[in-house]
Structures are given as structure tokens and as C-alpha cells.
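In what comes next, subunit A is part of two complexes: it sits with subunit B in the first one and with subunit C in the second one.
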Partner chain A sequence: MRRGLFVYTEDHYTIRRIYMDFYKKWFWPLLTPAIILFLLVILFPFIVGVLNSFLAWRGTYYFDPDTGVRAQSVFSSFVGFENYRNAFQDQRFVRALIYTVQYTLVAVVVVNFVGLGLALLVTKVNRGAGLFRTVFFLPNMLGGLALGFIWQFIFQIVFTNILFSPEGLLHIPFLRYMTQNSTKALFALVILNAWQFGGYMMIIYIAGLGNISRDYYEAASIDGASPMRTFRSITVPMLMPSFTVVFFLTLSNSFKLLDQNVALTDGEFNTRLLAMQILRTVRDTTPPDYGKAQAQAVIFFLLVAVITLTQVYVTKKRELEL
Partner chain B sequence: MVYVVLIIITLYTLAPLWFLFTNSFKGQAEIIRDPLGPPTSYSFEYIKNAIEQIHFFRSLAITFFITFFSVALIVLISSVGAWILVRNKTKWSQVIFMAFVAAMLIPFQAIMYPLIQFFDTLGLKNVYGLVFMYGGFGLSMSVFLYHGFVKGVPKGIEEAGIIDGCNIIQLFSHIVLPLLSSITVTVIVLNSMWIWNDYLLPFLVIGNSTTKTLVLELYFARILAGQFGNPWELIFPSVLVTIVPIVIIFLFLQKYIVKGITEGAIKS
Partner chain C sequence: MKEGDQSVNHKFSVDSGFSENPEYTQREEYGMKKNLVVLLVILVTVSATLFAGGAAEADKGYDIYIYNSKGENAAQFADMAKAYEAETGVRVKTFSIGSGQDHMETLRAEMNSSSKPSIFSIQGVKELIEWYQGGFVVDLNTVSYQSFKDFASGISPSLRLTNDGKNSFGVPYNVEGYGFIVDRQMVADLFGSNKVDAFIEDTKAASYAEWEALVKALDSYIKRNTAATVTLNGNRYALAANKTGLAQKLNGVFAVMGAEKWTYGDHFINVPLNAVFDGPNAAAEATEAQIDSLRGPLMAYAKALDLKTSYLAGMNGAARRSQDFVSSANFGYDQAVQIFADSKAVFFKQGNWAYGNIANVNPQQAARLDFIPVKMPFQAADVTLPGMSVEKLNSSIPVFVPNYYAINSMVSDKEQQLAMDFLIWLNTSETGKKYVIEDFNFIPYNADPATTELPNSLGNSILDYIKSGNIIAAPYHGAPATWSGDVVGLRLMEQYLTKANWTAQDHQAIVDYAIQSWKDLN
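The block that comes next holds the complex of A and B.
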């Protein structure tokens, strides 16, 4: 604009005002649907859920522990931390908690290795890379329940009767009857999920590997660095952002896993993970103890929140240090 | 050498799908006797039986309905919401955005029981209610993704539109939305994959009624028939027909799906 300075700034100012007014006018109208949906589906149930964890909630009604009948008002149903105490005294809940932590530890490591391994392999080749990628990613598109059923068959029939039976390919007793023992079932679940999610994590690692400039590798090869050394000093540090993402995803996926757990063992042989424990608590007793289930759900929320926040904090910090 | 390893892994990855395919054509006895080989005869009787048992076409239509409208709701509401959150920076926009981000920490289990009870009292414990629930759940992540993307979109074109007197609908649908198309693909992919395959929410909302989704039909077929051992001759063809639509969609839209996943992962 080749005009006088004064005219230009005034023009500019009024035009800015027009934009600002426009955005301001539409701020609440455009946000209202999102806010309403958020309040109805997330915030309101969340608050009610936390409150209910302190009440003798039975699902359809509130119970009054003093009179032994239906509570006259919500206040007479207040039981303090009773539901939380009950939860921790419930063997099934404590077991599910430990089992979930164990499963998560193993799964995070294994799925990460599988994902990274696949990514390194696929990026090594030129011809057919797209095809391999497609195949490895395919299991992700399918539902956990459907895949769980297929793998239940593999563990119960193919592993047990054919591959690892005494007359089979290799006699490995640990790999037989994997769905009928809580320790073995944990590894069965890991095998299933490494198979399913490995390809997803691979995609993220491939994107990360693609972002590393070729120059670093050229410099390394000029300096005569060994492949191991190059991997440790260039690939790993440069992949840190991808590690953050993959850790975050596998951690929360494993901690909240439900479908595969339902399909594979349905919680038999003490194989309930926390998500299933919360779902099944209301079936464990009559009348259903929703108060206790809700207390477990609040504990679950706190664990998920703490783990996720710590994890994001730690990896972000490490990323900055490097 | 690398190819040998890759091919072995490919076979390992495809093996379960081969079991699924081959055993969908066999009877129970043959499945147990010979679970790995091809069927002695390609008989479609088990698949036909499965299609009837899980009411395939009805449940497919229901699943499609739920996924389509939920994703449409999520895309519409979160794109306009996130866009105006970025464009009108105030204290409120910060607070609202933080609330959406914080909500991503809440696992579904923490709210499911009160949510179902609440929707039941509203008379929405049905397929329509399900669409709203998915709308609410998908919102946080989608607003987050759109928010990150809109920050990088220059305002120039929109502001020219405003000066030229576009109304809000024209502005959004003709100018803003096309600029957001790449992140919209991500939002659609991530949400549809999750909603299509979801088991828990439909289980709690619909349960064993006549409007079951594909996943629910599969679950109940397995539960009801499986009281006396595992009816593999029903399970395999049922699983096969439920995954066929998604595999077809995947093979056609692969490029977009992989792109969607990658961008979604990097942004979050």
C-alpha cells in the first residue's frame, strides 16, 4: 500500500476491528454445541460419578445403610470412604490392579520393540515397502473382540494341539493352554496386542525415521562410525519425539485394555484387567454394588491421570535435554 | 536377508487371518481335526448360517448409521469450535480449551455408569443416544487436533472473506473447512476406527436388544452359543463377515488412513 502513513494505520485499525468483532460475535454461538455436548456427556457424569463413589449407590436407587432400606434422600445414603475401603478389601480388585500393572509393563516394552523393529526393517528396503507396511498395519483396522476370538482359537487349538504339543513342532509346555492360567494368559494378551498394535506403532516410528536428516548419517559414515554406534548416537536421540508418542499410546492403551481381555479369557482364571473389573463388579453381587464399582472407577481415573501426566512430563523433559 | 525376515513376519501377521478364512468353510469336526489346511470343500453353508445368526445386514446398517452420524457430529462441532477458539483469543477460550484437553485424561470407565443412568432418564438409552455419547467422547481429541492445526492456518483468506461480506456459513464452508481438510481426514479416520469397532459403549447402551451393532452381534453369538464349549463353526464365519467390510474400506482408503494415523500421532 503506497499511501500516507496516517491513512494506512487508521485503515488497518478499522479493518482489524471488523475481524475482531466478527470473531467475537460468533464465539459463543459456535462453541455452544461443543460445550453442551461436553457438559452432558463428560463433565456432568464425571462429577456425578465422583459423588456417587461416596454413596451407597445401587444403580437404580440409593441405599440407606442406617435403616437398611431405600434412602429417603441422597444425603442419608452417604457412606464416606466405605466404597473405597470395600474396593481395596475386594481380592478381585486388588488382583486386577496388580495384573494390569504387570501387563502394562510387559506390553509397553514388547509393543515398542516390535513397532520399532518393524519400522527399521521396512525402511531398510525399497521394493515392496508399501506392501509390507499395509500388511503389518492391517490388524489395527479390526476390532479387539473379533481378533480376540481368532487368537483364542490359536492359543487353544493351534498352539496347544499342533505347534507346541509333545508330538508337535517344538514341545514348549509354557505355550500350551495359554488361556487357562493367569501368568500365561498375560503373555497371551501381550502376543495378541503386539501382533495387533505393532503395525500402528511402526507407522509412527516410520514417520519419525523419515524426519531424521540424511546429513547426520553421512557425517557418521565419514567419521567411520559403526552401525550400532550410529543407531545409538543418531537414530535413538532423533527418534525421541516418536518415543514419547508411542509410549503415551501403548501405556494408555494397555492400561485401559478391555475388548481383547473379554474375548480371550473373559476374566476367567484371575485374568481380569482393571477395565473389566469395573465392568463386572456390578455383576459380582446382588444387589449390584454400583457404589463400589464407581469407587474403583475413580481410583482407575486417578491412576490413568497420574501415569499419563508423569509420562508426558518425563519424556518432554528428556526431549528438551537432548 | 532383510527380505527373508520381512517375509517371515508377513506370514506371521497373516497367519491368523488365514486361519480365519479357511476355517470359515469347515464344520466343527474338521476345524478341530485340521485347523491349518485349506477346507476339503468350499461350502458356504457356515457363512450363510453366520449371516443369519448375527443378522448381518441389519447390524451392518446399524453400525454404519451410528458411525456415520457420530463422526459427522464430531467433525462439525469440533471444527467450528476449535476454529473460533483459536481466532478469538480470550481468557474464556483458554479455559475452555484446557477443559477439553484435561478431559482426555478421563477414562471411559470413570463416567460410564452415571452417563448411562443419566441418558436412561432422558429416554436416550438407544441408538440415538449412542450417537450423542460418541459425539461427546470424540470431542476432546478432535478439538485438540483441530486447535493445533488451525493455529498454523493463515488468517488472510478468511479475513478477505469477512471484508467481502461472507456470512458465517459461507465463510466456514467455503473458506475455512477446505483449509482444514487434511486434519479432517485424520479426525474422521481416528474416530471411525474407534467407533466402528467399539464394544463397551454399545454393550452398556444397547445390550442384547434388536438394534445390536456388528461387534455386539458377534459378542452375543459367541456368548449364547458358547455355553457348551466353543462353537468355532459359528465363530469363524461370523468374525469373517464382520471384518470383511472394514478390510475392503481399508484397502481402498489405505493412503488416507495411514496419513491420518501418522498426523494424529504426531500432533498429539
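The block that comes next holds the complex of A and C.
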């Protein structure tokens, strides 16, 4: 079985020419709708959002701190960096920031292990590989909220009363009442997300594994390399492009996690992640402080951007130039 | 091996050279003009669809638009709007948010849109501040439309939505109340069918000490079959020697929603606030000294909560304060309703809104319900509000307006006037009142307790309290936004309801936390 390796013939060039002509002609018409959508639903709201983070925005009106009512013009609602100052002085925000970083560290490692492990297993089995792939991928088809409620039931009833209770199969106190303690809830979220995203990451790793030429393994086995050595010296370096993608996805997904957090614990027992903290900031005060929530969102954006870009830069550098 | 080497070489050189192949770069300019035309066509189409909404300004498709934040009556609300349209020809658009959803987010989105609601709902002074600052609310006192002004001035001053005691920003949806719900048949099975009315009347008037003795006697009766005699309001009641009827199903005294912070946060904690504040506005303007004077009342609250959560009924046998008690899979809203409706508990602290939930599970029981006031061990010195007393606190139930219809000052004058006509119709016409009472299952704010008979037992029980004047207010609405539920309620859930035994230090810690967090939030 040879994959990804073939010699181009004249026929291939002819086919390519036809495609190239097509794309050259239709490049802008095909791209324009996407650009317009991007401008309207991402870029424009983003710019407005950044501007709002400097205003005493209350959701439906701009507040004027001097008069105590609706501002006559947007300019009298300008508060400079006060929203940012308030955000960092909010203990809940700082706490959510730390909790999110802790969660991300654990989640990235676990989801990667699960994804790669499943990929290695599925590519090794001879029978029913398609079935396994489908089954492992399935949890990804469910929405985060639905998953959160399903797992809430699993943690509160199945884990607590059936599997790990003193009368259950195995008495493990750590796995009981996982939604009622911030440390345990962090691992509960990790379990949930490994289950949900593991299959998706598996698909990416399967594609990466499929692109590694058999020849390297053949050469290694002739040289008498052990399986561990082969994994370390061939699979891992050749998989670097997949690692870049998977790390990026798991990092940004973990930082942005919201639905599962809301459904599983609703932030109780100090389990607010950053996204939920931003969402709930407007409920923490009356009138709602949308300006502060927006400032938190901008900080959140910068944080995710810096971290993921650094990660992509670092892992990209480690990809083999062939 | 040789062949492989070659292929690898080919693959990478050809693949990366794809776009740089000189054969194709010459074609860059091909069809550029044509593309520009296509691009423009697309741009025009997209912007035309986007701004098409603006052209239809002339007719919005409705005359008034009502935003209803009480999702429980969504279907009946829509029917009522149709009935109004049939009677008057005014086209009414209604929108009801799903029950339990965050109604504020959606309402804000509607307020930012071009078709703003003409009538929207405000749940107390906590929400009023936002619409007041933003200039969205019409002060009903300043309306020039005379028949509405007359109608609005008929709203009892104690039920008005106001932030300075003079202005008035809403027409009440209804009034609600809460206390310990008790099943009359259960009382009959416990104390004898000829004692039901006397028992309920005496329990309403009983002191906290008598109440505590009753709870303990019931607990011992349920668990150890010890038929005792209890004294309530000076009269003696003997428990039946043998458990018969519903009494056989009991496994605890109270059905409690350990997972619902608002039951012990918002509602239970509202009772002690009545010892100091006469309503939400007084609480909103609480002085440091007034907050400190809550120490005594809150201590009574902690002890009463301790009592209530020490004798719990469960789905499968008696329950204790534990980690199970705060999990929504075991002690959420529906589970607690089920426990009570299955006659596993004697008392259930909830409001008349739970009538529908109970009727769904056990319609026979729903017809036999009554309220008993929430009682707490207040000392005379705890009560600083003039005119209030320990006896009054322990024999009254909180009755308050949960929701108001407000008129949006951002819509046209014509639309505002149509909205006013609608509110008059809803609260004074025969058809309107029929919907409010029979379909929404509401207690009308303007009901005359002497003549009104409601089709629901809990509603009638509240009317009885209103008739006798044994009602207290809802000052918790005026406490800082998150104080009662998300701060104190959450702390109780996380640290205390999971703990089987409370010590005197625990009571003190609850009081200290509640006082300190109110001050911090101010």
C-alpha cells in the first residue's frame, strides 16, 4: 500500500491546467460572499466591541457617569481604561483566568493522549476499523450543552451512586461528587472533553499517520529499531504538522470552553471558566456592566491570540522541512 | 528502495512547485474585468437583502407588541392576545420567553432592534434601574391619557413599582406569595379529620418554639412511630396512634430543593429582612447601621434553616444534608415537587406558582393545599421596623408583585396609547380578567379578597392572608443584585447544605458572611 506518492504525468498537468483556469476565473466571485460575511459578522462587531470596552456601555444604552442616566452622546460615556482596571480588580475574573489556564494545561495533554492513542489503535486493527472510527467520532456530533447535561447525570448518579460509591463496583472517593468541588470539577470537565474531542483529534492524527511513508518504518525495522524508538524518531517528527493543528485546536477550544461549563456546574463551586465569566459579568451587577464584560472579552481575545500564535510558531518550527 | 527514493523526490518537488509553474502565471490577468462585474452584482444583491428590512417601516405587522417574561403562560398569553384582537381589532404581537431562560438578554436585544416592544416586563426594582437609567420607562403618573391615568392611580401604593416612593413605572402582572405548603388530607390522617381547620389555623398562629416542637414530634412519629401530643397556639393536638392513609407514605418532614439557591437564598432569607425593612426601596437604601441590625434576624434565619434542612424527606427514604442534597439530580425543583406530591413530606416551602407543577403530578392533592407561614426564632429586640412584631412575622406570608407591565417610552405616542388601552382591558374587562384568573392561574393584583374566588387552592389561601392582613413584603428585591441568591445562597449550598451537622459557629459564620457580603456589594 503506497499513499501520497505518485509521479505526475502529462495527463495530470492537463487536468491541473483546467482547474487552474477555473479557479483563476472564479477566484473573486467565490471568495466575496465569505469576505462579506467575515466583515459583517466578525470584523465589524469586533471593532465595535473594542470601542465599547472603553465606554460605560450598559447593553441598551451608554451610561453617563456624570449625570447618572443615559448619555446624550457616546463621547460623554467614555471612561478610558477603567473597564480594564475593573476587570483585573474583579476577583472572579482573576480566579476564572487562573482556573482556565489550569484546565487548559490538563486538557491539552489529556485530549492529545486520547486522540493519538485512539488513532494508533484504530490504524493498527485489521477488522472493524471503520466502525471504531465512527464510534469514537460520534460524541463530537453532540452539542456541548447536551453533552454537559448527559455527563452531569453520569457524574451525579452513575459515578456517585453506582460505580464508585462504598457499595459500588470500586470505592473511589475522588470520582464521587465531581461537580461539587473546583478541583474535581476541573477533571470532570477534562473527562467530558476528552470524550468529546478525542475522536475528532483522532481523525486528524489518522490522516497524519497515513501520510507517513511506510518506507521509513521498513528502513527502521531493517536497522533493528525498537517500536518505541520508531515511534520517537519517525512517527513523532513526521506527525509534527498534525501536532500543530491538534495543539492549536485543543488550546483554543479549552480556552474558549463555554457550553460544557454552563451545563455541568454552571460555575458553582468556583468553576467559572473565562468564557462563562464574561457571559455572567452582565448578571453580576444591575444595571449590567457590558463595558466591563467587553473589556474582559478583549483581554480574553489577546490572551488566546498570543498563546495560540506562539504555539503555532513553536510547533511549526519543529515540523520537518522535506 | 531506488524506486521509492525517486518518488519521494518527485512528490515534494512537484507539489511545492505547483503555483510557481511559469505556464500558469501568464494567465493572471485572464477574465479580470468580467470578475469585477460579477463582484459588483453580488455586492449589490447582498446589500439589497440586508437593507430590505428598512423599507418596510410603514407597517410592522402589529399595532402593539408585548414582551412577556413569564414563560409558564406563553400559550394562554397568545390566546389572550387573539381574544383582544377579536374584540378591538388591534393587532397584538406577543413574545414569551421560555420558562427558566434569561429573559433580560433577549429583552435587551429587542430593545436594541427597530421593532421595540410597546409593553415589556420588569421583575421588581432590581431590574427597574436599568430601564430607568436608559430612559425606557414611562412614569404612569405623568401620562396625559386621562382614562389610563385614572386606572394607574388605582394601583395600591404598596404594590407600585417605584424608586422614590412617588413615581410609578408598572402595572402589576399579579401578586404571589409563599410559605410552607401543607396537604389538608395529610393533616386529617395525622391528627384526625375533624381537626383539620383548627390545626391549620393554630399552626398559622403558633410560635416558633411550638413549630419546632411540632417538627420534632412529626419526625419522631415518622421514623419511630411515637404518637405524641403537640401544643399549637395553646391548643393540644394528638397524633393518631397508628399511621393511616397518606401518613404511611411519609419519610421526612420537609421536601426541600437543595439544588435551588433561590429557595433558601432569595425566598427564605427574605423573611428576616422584613424585621428591618418595609419593602425593596428601604432595602435598596439600607444604611450601614441597618445592615448591622440584621444580625439578630439573620441568626434566627440560620437556625430556622438548620431546622428545615435537618428533617428532610427524600425520593427513597429520609434524607440528610449531604453532597447528594445539593445535586440537581436528587433535590432539584421537579424532584422536590415529586417528593411532596407523593406525600413523602408533610411541608413544602414553595409559592402559589408551584400549584401547576403539583397538579401535574397529583391533581387530587393540588385541590387540598394550604399555606402555613415560615417561622423563625426571632427575639423582640431583632425587630426594628416600626409596626412589625415577632408574632406578625411568624404568622404572615410574603405577598409581593413578581412582575410588572411597563410601557416603553421609545415607541411612538400612538403605540403607547394603544398599549395603555390594552392594559386597562386586561385588568378591568370581563374577558381580560377571565384570562388572568382562569388561564394564567394568577391572583389579580386588584382582586377584592372578600369577593374573589380563584380556581386554585393556593391562590385562595393567599387571598385569605391578604384578607386578614397577615402579609409581609419582599425587601430582598432591593438588596444588592446578587446578594441573596448568587452570593449567600451559593455559599450555603457549597459549604453548609453539604454538611450534616451545624454548630453554633456555623450559624454565626452564615450571619457574618451575609452581613459582610451585603456591605461589600454596596
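Quick notes on this structure:
Rule of thumb we're sticking to: the second predicted complex is superposed on the first by the 281 of 322 C-alpha atoms of A that agree within 3 Å, B and C clash if a C-alpha of one lies under 4 Å from a C-alpha of the other, contacts with A are read in each partner's own complex, and residues count from 1 in each chain.
Throughout what follows, a contact is a pair of C-beta atoms (placed from the backbone, for glycine too) under 8 Å apart; a residue touches a chain by one contact, two chains touch by 3 or more.
Just so it is clear, the structure is predicted and the values come from calculations on it, not from any experiment.
Contact with subunit C, but none with subunit B, is seen for A:Glu268 once the two complexes are overlaid on the shared chain. Once the two complexes are laid over each other on the shared chain, residue contacts for A:Lys24 go to subunit B and to subunit C alike.
Once the two complexes are laid over each other on the shared chain, residue contacts for A:Tyr177 go to subunit C alone; subunit B is not touched.
When the shared chain is aligned, subunit B comes close enough to touch A:Ile162, but subunit C does not.
In the superposition on chain A, A:Val74 contacts neither subunit B nor subunit C.
By the touch criterion defined above, A:Ile150 lies against subunit B but remains apart from subunit C after alignment on the C-alpha atoms of chain A. By the document's definition of touching, both partners, subunit B and subunit C, reach A:Pro33.
A simple residue count on subunit A separates subunit B from subunit C, and the partner touching more is B.
Once chain A of one complex is fitted onto chain A of the other, the partner contacts of A:Asp215 are limited to subunit C, with no touch recorded for subunit B. By the touch criterion stated above, A:Val236 is placed in contact with neither subunit B nor subunit C. When the two complexes are superposed on chain A, the residues of subunit A that touch both subunit B and subunit C are 20, 24, 26-27, 33, 40, 59, 152-153, 156-157, 282. Within the complex formed with subunit C, the residues of subunit A that make contact are 2, 4-8, 16-17, 20-21, 24-29, 32-33, 36, 40, 58-61, 63, 68-70, 152-153, 156-157, 160, 176-177, 179-180, 213, 215, 268-269, 282-288, 322. Listing the residues of subunit C that touch subunit A in their complex gives 1, 4, 6-8, 10-12, 14, 18, 23-24, 27-28, 30-31, 34-36, 38-39, 42-43, 46, 50, 102, 104-105, 108, 111-112, 126-127, 129-130, 132-136, 323-324, 326-330, 481-482, 486, 490, 493-494, 498.
Of all residues in subunit A, only 15, 18-20, 22-24, 26-27, 30-31, 33-35, 37-38, 40-46, 48-49, 52, 59, 118, 121-122, 124-125, 128, 132-147, 149-154, 156-158, 161-162, 195, 199-200, 203-204, 206-207, 241, 245, 248-249, 256, 258-259, 262, 274-275, 278-279, 282, 290, 293-294, 297-298, 300-301, 304-305, 308-309 touch subunit B in the complex they form. Put simply, subunit B touches subunit A in their complex at residues 2-3, 5-6, 9-10, 12-14, 16-17, 19-20, 23, 31-32, 35-36, 77-78, 80-81, 83-85, 87-88, 90, 92-93, 96, 99-100, 103, 105-115, 117-118, 132-133, 135-137, 139-140, 143, 155, 159, 162-163, 168, 193, 196-200, 215, 218-219, 222, 230, 232, 235-236, 239, 242-243, 246-247, 249-251, 254, 257-258, 261-262, 265-266, 268.
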